[in-house]
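Each structure below appears as structure tokens.
Look at the two complexes coming up: chain A is in both, with chain B in one and chain C in the other.
Then we have the complex of A and B:
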């Protein structure tokens, strides 16, 4: 897998897994309006994953579904931040806010890519992500003095930094005015490590697809 | 707070009431309206308005049946019938009246 394709699959996996996690709030979000909004954002993330997998699949001579659903858990390139199952609204919003901040930095770098196709897709995704950021920031503004939210941000900060490649991390630190975590704090959150929650998630996510292997749906 | 949402389907089209969203403030209302009334690309633009900002006006009395305020206040058919009678039923004069009576 070339460096370019690896980068695309990393982002695709992040978006797919986070989209799945966020969709776990459908029907149980704190208000009906939030239910609709958060589910819609989750769906958008999965839509971004699809577009990225399609791009990677062309380079790899496969298709998007195969990439999304037919790999072993160890082959996923998602960051541990997006894998955790967090049935707590403070953590969910903290993760959402931190992820969107990292994603904005990552997409800005991707928009400058020499590869016109990659740069174009990044620009398209970024336009939709603006609304995710609006949503994430308004919740941050609302919860920023709540101890549960403050604790959740602090707890998730190392995992959030680890979403980004090393060269982009200082931007994240500067933007949120938080010190970069030490290497020992980052251990276990770096890409390549996986949360124990990933395997059960993938089992559930691929359940229907695995029930009739090779079927055309 | 309740916010009323008006939706414009195409550029230049009039905004029409689409529904409402409940939100703690204008920023949340903006985000919720965007997801509820825009995620299927069904809207060109939205107006999101606090319900309190809308002044609803009722009580339109028409005790004296002043139908001339309305477009349909002058029933043209009736006028044509009367004109026809006055003209003694000649088709020519009725046509002339009809052509000029926009």
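Then we have the complex of A and C:
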């Protein structure tokens, strides 16, 4: 896997897994508006994953579904932040806000890519993501003085930093006015590590596909 | 077969989710080229999470086959589509069926909540600008939900991207 393809698959895996986690709120979010919001964000993130997988699949000589669903858990390149099972609302919003901040920084870098196709797709994704960011910031503003939310932000901060490659982390720290965590705090959160929740998620997500291999819709 | 025949055929294909507008109204057909019995269509998705993408692609291919040519529908994943590509006719069709068309992108490249909460959005039913944002998100990725204080009617607003 070239460095370019690896980067694309990392982002695709993040968006797929987080999209799945966001969809866990469908039907049970604290309000109808949030039910719709998290379902819509989930759909959008998975759409981004699909477009990225298609790009990567072409280079790897496979197809998007094979990349999305047929790898072993250890082969996924997602960051542990996105893998944690649906949490309480404070943690959900904290993860959403932190992830969208990291994703904005990552997409801005990708928009400057020398590869026109990657840059174009990143620009398209970035336009759509602005609505996720508006939503995340609205909730951050609403909850910023709530101790549970403040604690959740602090707890998830190291995992959120680890979403980004090292060269982009200072931007994240500057943007949120939080100090970068030490290496020991990042242990277990870097890409390549996985949450114990990833395997059950993948088992559930690929259940239908595995039950009838090669089936088409 | 000529390219304009293909454009005419595509202009009859309704959007799978908002059937009042056609794919050509939406501006998702970027280019059509006819060569040796093959029709190549360059197609740009609206929102990447749009579940109607496959349907659109398949219907276009089907329509080209009905014209007696071999389709080659290419999905172009670049940044060339925006809501500004919706044609004036398409915007009018949206409005008459209760969807507020998207605000032009030139009004600001990044949308802010302050803007969305402002009264710059017109109710497609009564024309009042006394409307408020109910939810950034709606039933499909491309829509938000607003409420008109004047005629007390909720309505869907096409997001600007």
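FYI, the second predicted complex is superposed on the first by the 217 of 217 C-alpha atoms of A that agree within 3 Å, B and C clash if a C-alpha of one lies under 4 Å from a C-alpha of the other, contacts with A are read in each partner's own complex, and residues count from 1 in each chain.
Note that contacts are C-beta pairs under 8 Å (C-beta built on N, C-alpha and C of every residue); 3 or more make two chains touch, one makes a residue touch a chain.
Since the structure is predicted, the reported quantities are computational estimates derived from the model, not experimental observations.
Novice: Clash or fit: how do chain B and chain C relate after the overlay on chain A?
Specialist: Aligned on chain A, chain C clashes with chain B.
Novice: Touching A:117 in the superposition: chain B (first), chain C (second), both, neither?
Specialist: A:117: touches chain C, not chain B.
Novice: Is it chain B or chain C that touches the larger share of residues in chain A?
Specialist: Partner with more touched residues of chain A: C.
Novice: So in the superposed three-chain picture, is A:37 touching just chain B, just chain C, both, or none of them (first/second/both/neither)?
Specialist: A:37 contacts both chain B and chain C.
Novice: Taking the superposition as given, does A:171 touch the first partner, chain B, the second, chain C, both, or neither?
Specialist: neither
Novice: Should A:47 be classified as contacting the first partner (chain B), the second (chain C), both, or neither?
Specialist: Touch status of A:47: second partner only.
Novice: For A:55, select first, second, both or neither according to whether it touches chain B, chain C, the two together, or no partner.
Specialist: second
Novice: With the two structures laid over each other on chain A, which partner does A:138 touch: chain B (first), chain C (second), both, or neither?
Specialist: Both partners.
Novice: Can you list the residues of chain A that meet both chain B and chain C?
Specialist: Common to the two interfaces on chain A: residues 33, 36-37, 40-41, 131, 134-135, 138.
Novice: Which of the residues in chain A come into contact with chain B in the complex?
Specialist: Against chain B, chain A makes touches at 31-34, 36-37, 40-41, 131, 134-135, 138, 141-142.
Novice: Within their complex, state which residues of chain C touch chain A.
Specialist: 45, 47-51, 77-82, 110-113, 116, 134-141, 145, 159, 161
Novice: Please name which positions on chain A make contact with chain C in the complex.
Specialist: 33, 36-37, 39-41, 43-48, 50-51, 54-55, 116-117, 120-121, 123-125, 127-128, 130-131, 134-135, 137-138
Novice: What part of chain B is in contact with chain A in the complex they form?
Specialist: Residues in contact with chain A: 21-24, 27-28, 30-32, 34-36, 39.
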